[in-house]
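Dropping the structure in here first, questions after.
Letters A, B, C and D name the chains as they come in the text, with residue numbers starting at 1 for each one.
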Amino acid sequence: MTVEIIAVGGYEEVGKNMTAVKVGDEVVIFDMGIHLDRLSIHEDTDIDRMHSLDLIERGVIPDDTLMKDVDGKVKGIVFTHGHLDHIGAVAKLAHRYDAPLIATPYTIALIERTIKGERKFSVSNPLTTLNPGAKINLSKNITLEFVQSTHSIPQSVIAALHTPDGIIVYANDFKFDNHQKISPPPDYNRLKELGRKGVLSLIVETTRALDYHEVKTYSEKVAKIILEDIMREPLKEKKGMIVTTFSSHVERIQAIADIAKTSDREILFLGRSMERFCGLAESMGILELPPNASILGNPKSVNKALARAEEKREDYLLVATGHQGEPDALLPRIANGKTPFQIRSGDNVVISAPVIPNPTNAANRHIMERRLASDGARIYSNAHVSGHAGREDHRDFLRMLKPSHIIPAHGDLTMITAYAELAEEEGYRIGNNIHILRNGQAQVFNGGIS
Amino acid sequence: MTVEIIAVGGYEEVGKNMTAVKVGDEVVIFDMGIHLDRLSIHEDTDIDRMHSLDLIERGVIPDDTLMKDVDGKVKGIVFTHGHLDHIGAVAKLAHRYDAPLIATPYTIALIERTIKGERKFSVSNPLTTLNPGAKINLSKNITLEFVQSTHSIPQSVIAALHTPDGIIVYANDFKFDNHQKISPPPDYNRLKELGRKGVLSLIVETTRALDYHEVKTYSEKVAKIILEDIMREPLKEKKGMIVTTFSSHVERIQAIADIAKTSDREILFLGRSMERFCGLAESMGILELPPNASILGNPKSVNKALARAEEKREDYLLVATGHQGEPDALLPRIANGKTPFQIRSGDNVVISAPVIPNPTNAANRHIMERRLASDGARIYSNAHVSGHAGREDHRDFLRMLKPSHIIPAHGDLTMITAYAELAEEEGYRIGNNIHILRNGQAQVFNGGIS
Amino acid sequence: MTVEIIAVGGYEEVGKNMTAVKVGDEVVIFDMGIHLDRLSIHEDTDIDRMHSLDLIERGVIPDDTLMKDVDGKVKGIVFTHGHLDHIGAVAKLAHRYDAPLIATPYTIALIERTIKGERKFSVSNPLTTLNPGAKINLSKNITLEFVQSTHSIPQSVIAALHTPDGIIVYANDFKFDNHQKISPPPDYNRLKELGRKGVLSLIVETTRALDYHEVKTYSEKVAKIILEDIMREPLKEKKGMIVTTFSSHVERIQAIADIAKTSDREILFLGRSMERFCGLAESMGILELPPNASILGNPKSVNKALARAEEKREDYLLVATGHQGEPDALLPRIANGKTPFQIRSGDNVVISAPVIPNPTNAANRHIMERRLASDGARIYSNAHVSGHAGREDHRDFLRMLKPSHIIPAHGDLTMITAYAELAEEEGYRIGNNIHILRNGQAQVFNGGIS
Amino acid sequence: MTVEIIAVGGYEEVGKNMTAVKVGDEVVIFDMGIHLDRLSIHEDTDIDRMHSLDLIERGVIPDDTLMKDVDGKVKGIVFTHGHLDHIGAVAKLAHRYDAPLIATPYTIALIERTIKGERKFSVSNPLTTLNPGAKINLSKNITLEFVQSTHSIPQSVIAALHTPDGIIVYANDFKFDNHQKISPPPDYNRLKELGRKGVLSLIVETTRALDYHEVKTYSEKVAKIILEDIMREPLKEKKGMIVTTFSSHVERIQAIADIAKTSDREILFLGRSMERFCGLAESMGILELPPNASILGNPKSVNKALARAEEKREDYLLVATGHQGEPDALLPRIANGKTPFQIRSGDNVVISAPVIPNPTNAANRHIMERRLASDGARIYSNAHVSGHAGREDHRDFLRMLKPSHIIPAHGDLTMITAYAELAEEEGYRIGNNIHILRNGQAQVFNGGIS
């Protein structure tokens, strides 16, 4: 039987992930993401109303037109977690395939919302939930398994596709975090078992492969200690206080809420995407908020809440969107004086997010911080740990899985080759069993496990 | 007699230069510049119509309100060259002083234009031209001398203020370039003579003090060789060709014109500030353009010229504003499809300017280059040499002048202290005879030359 | 009464700290450190046998010859912790002063050892121990207080010198760590009380003032979590295992021991300075090691232990000196094949220390890591958190103490001015109440607290 | 006919270049270089006496043991220029092949010297000189052509191997410099002709592919202007003066001599490798020195010359080895006080070389500069332009040659992939017609030119 890995998107960038695995004449697709950076290049891009071909041309979503030359029946479209660079193009692309969308419950719920927001296409693929640790037969030959994993969004999994020629592992994205509150540790034993059973190929993210400094990614427990140390005093001060972080980072949100509930401040989670990710997580019992916390996404409610907070700033903790300084998000709008809440001297702002490296983010964040500071805010920046595996985590992963082949993914060429060099240290060889693919290229395995 | 140097602006930033020198009860002011970076922080700043106090509050122009506490008669306002960070606030501030504006002819002409463009204040100070090498008595005690120098705009000088207590040298900005076409080399002999006569204090720019690599700044002759090597083939290709550089950098503009006139292309200098600086320079006989060159600033004429160039792109060389990717300048507008000229595959774009370091410039330039490249342009970036003295140039300068005191200026604290460390290598000492001033601080010299 | 702060050493470098505080006609000296970097410039420097004047000329120890012009009686020489850049020159300089050496018990013990090792001078100053939280009268006018603090060596304190004109606080070095096992948290309440009583001047370290990323320094608790996550699996593997870290960092050593004692490995602390710092700490009850741990400094014992470990590598955890790759330290010697212990494929090496920034360290460390890796070791590098206050810690500190004046210390000019800019954000002003001193300069306070 | 490119060495590093091209059953080898960096990792490496297998194991020379599996007759070993990373292993490897060594006259002369210095092997391959622009038939099927090129050593060529399946171009190393004194400009017309005839594959250096700033490498004419501006005043001062640069960079040496001969100083070229490269170049009429110049390599003569220069320093210009601060080279030994010449205050040292990026060089250079400066020397560092093609030079090269396939060489993976991305911008594709090889891998072309 021939197994073929088709690199549809995400092999030349951090974004718009999509990979197809063809096993005999059946196909399983992993991820349909968007590439948000590209939007800042073309000013007039209104995603919700645009056709997929236009978005493909602008590099915003994966170019899946090559799939029409792939002679095989698509048996499932699998999403291993709910970040937009993995699910964001589902409403533009999924309807072309007669196959179910498969993900963990939280991811499925996020996909549902994405589909509902779509204005151009109607998407009616069946939705199938699969829990971490569970398996599902996609065909006589193919079984999909979700292995418990950790990342920076709940219910992230590593996918294992059992085929007659060996297992294909899709690990995009993951970190090895043994100390999260919401997610149990990764199932290392199962990963080792898969390694013993025989992994034909690993498809693996490489976003932190260039970091030679923090070689094992710090746990979210570290982020919580850092935030506790930062937030302790500001929570007591009679001043305004704002925290901003990734809306989808529910583990971090949980930590912030847990730290904040030791004070008397009312916690307001504000912004559309806060509602999207945290509202959903709370309703599904993933996120546990104290009784005096609210999540508000509707602009009117947000403004009303901000007006209340403006009245008595020391009584509130605002958790807002806008950590990259994106002009339309909440914190930048506050900084720019466009909301009822005014930054005043001594207010504390905690940015629990790095600058996602890109000149536009750097500029937006710089301008936001300058404005906040010129109004007198004290800024605690970069209180963050990564959600992606570091180099030594990757090394551990390779030693568990012992894959016959490796396909580095989800990175630009510098990341992918930095990962490849790591794999070479572990005895693999670029061009032999490490395969560097560009978007649109495919790797065929004929022999099964070596 | 007491000499006092008052650091009004430019001692905490690259921008808004202004220094006052009080000699007994008479005062000479050097420069009235603006700080363009600050404009990007506050979105709604319309300089031409704003009051100086508002601009001062936003940090856009020097805070000269402290001058009301300076008990002395202002005898002259001196500008050593025509860059906006040195003359840009003249229309906002000069009218408060009953004193002439003194500069070289080209600088005076630029000042006149600035004053004419002002909408808020009327400025009627007399204008006095002083040529490089010439002197003028400002009072019985004070004589101003302009020493021939080089920079990145024509007719830049180093000012020497002869006082009973010694000479005050104001060198802000300068480079040591022995190979310019328009400007003769700096008058090193006169600088050494001043050193022998006795320099009480040097006030000196520090913008490149942090560059430990290119320790003597390269000559413009180097820029010309680089541009020749870059432009030779593109000039021959049947493709569009655009060069962008600093409009005020007439020496560079001259080099570009000289290179281009070996081809048959018609040269179009396009953009408002091209007209301002180059039109003026040509009318004054400073810039010599070939017969088939035109300078167009008026938006309508620019568009018409671009439409012609669009028709027959291989017949034109466009020299356009917009090297920083500023959204309103010409090249970014071309890149964004907002002009009649479309970038086509194979067009050549030469950016003869560095990214002026600032996150907003980095983002704008990045977006512009991405757009140009995605339309198929070939980009030659950073074909540039600096207009500011390097560390070893500064060392030579100190050895010529042997000042008793040094006041580093025109830089942020990292630049000013990097310069101070260089001066310490030459036997000076911070806190003894190197004086680090912040905006608004003053240094008093009682003893004359030591 | 006149108070004068004399910057003897450490105001132009990270190293050779020494400051004198003159109160009326009495003097208190803080620190007598060495500058280890300078040793690599001159190859033939044998400190133990050299005269202080030679060491002064080479920049290895503070130039205290200026003290002969300080007209005052030295009442005490105070050491706030036991790092070599604070106590390392004591044997070269202290004998010139007729005054007791005052420090916490652990620091005093380290000073005693330094004095015993000296070959050139005999030092007989009385030794006085002062505990954190305790006070001692140095004269009728001057009382010395040690405030509980945290750093990367046990029993570090912040010194407060009570004078008739206000308190002088000497905080060099410190971090704010609320989660150490050995050291209680800093006594924030006492620091705030001092602020209320009136701090005339703060003398403060600036080593991390340039880090705009990790703005509050991470706790040692974070280092322990990182090390646990790194060490867990290697401890179980049937492979050799070496950890290297700062010998004086007893808190870190404690963490390593606590993590290791969950395994059956015998822990060997190896190297001369391990014995110096950890042996002493254990004998004083500061460091608590499991029963199967030994500390060996004598080269013969070290070699014998290494030979045993070579026999059965999976039974030992080696904790070795040499984290900077210094050619004479243990780990580099192991890497270079100069000991009975050979690195074998799969051995794990944990480097719990950053590269101390300096080209020689970078080269040594690079060569060591290359050698270790070429023998098959897996290297976990940079598992470390800093022992120095970050920018926001400094801001908190300033808000607690509210000093009238600030003298930044223990850094090169870039660090000292980066701190100064932070202090300016808090309302201070360089040249007014922030005083940038160079080695050998002094700042006089006449007015007392403003 | 099958063409196979075998990447023997230099495909994972800058160093130890060696490539074999198999055409049918005949083989042509390009380069046999050494990798000098590796020597600093193993301290006890004495190249001249070591066996090739030991050197291969340590990574110092290419692992050509794989050539025993290459079934073909070696018809020639070709060297395109005389740098050690291209010819340095000739004495260790060439004797295994029954084939002539082919190079330009200067390169051949350097190879002869290398062979004479060898202590382990005797090398008796015939030596064949081939001039730039000339051709030689290596067999019925294969013709070798040397195309005139420029680099940083005289008589560098680009090799074109004419085969029945198309031309193989070997361009390793080169720059496009139109303004050298010794070497004529590259023969662009011939390169374009080759492109029209049909290039099957280009094998091309990538050392500067990561430089996104200086996109067209500056000409040596620029270096000469920089050096003139730097050297003018020091040549006149009554002080010592030393210049250090690459001994093999005869064009630069020529420029230094031409600048210096305007003064009365006697020029002494000092150091073993100065004699090797410059002595040879002078004897062959390549380098033209003024009558008062001497080249001395023998340590005794060097010392005697230095003693003379010490007596009357203002009468000499020393041109010395040691630009990387290598402890055994001349300038570092002078800096370390190990020669009869003492650095004195005011002496001028011009370093016409960059730090070759590597932590050991950085440390050595840092220490040397610190020592020179502490003795009072004024240092002009980094007065240099590169000898390697920049990104836009590479783009021009691709447009001239239009090769069917590209094999990037002479770089680590980051350089090779940075080049590959450039080639993708020109329409090539990694994995399709851009082939990333690792040392020991081969690329087979069956189809001829596409």
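By our rule, a contact is a pair of C-beta atoms (placed from the backbone, for glycine too) under 8 Å apart; a residue touches a chain by one contact, two chains touch by 3 or more.
For reference, the UniProt names are A, B, C, D = Ribonuclease J.
What you are looking at is a predicted structure, and each value in this text was computed from that prediction instead of being measured.
S.K.: Spelling it out: a chain qualifies if it touches subunit B and also touches subunit C; which chains qualify?
M.R.: Under the touch definition, subunit B and subunit C have A, D as mutual neighbours.
S.K.: I want to compare two interfaces, A-C and C-D. Which one has more contacting C-beta pairs?
M.R.: When C-D is set beside A-C, the one with more contacts is A-C.
S.K.: Hey, how far is the Cα centre of subunit C from the one of subunit D, in Å?
M.R.: Computed from C-alpha means, the inter-chain centre distance equals 46 Å.
S.K.: Between subunit A and subunit C, what is the separation of their C-alpha centroids in Å?
M.R.: 41
S.K.: Line, ring, star, complete or other: which one describes how these chains touch?
M.R.: complete
S.K.: Taking the complex as given, what residues does subunit C use to touch subunit A?
M.R.: Answer in residue numbers: 178-179, 212-216, 218-219, 221-222, 225-226, 229-230, 233, 373, 378, 380-383, 392, 395-396, 425.
S.K.: Please output the residues of subunit B touching subunit A within their complex, sorted ascending.
M.R.: 40-41, 43, 336, 359-360, 362-367, 370-371, 374
S.K.: Please output the residues of subunit B touching subunit C within their complex, sorted ascending.
M.R.: Result: residues 413-414, 417, 420-421, 424, 429-432, 436-438, 441 of subunit B touch subunit C.
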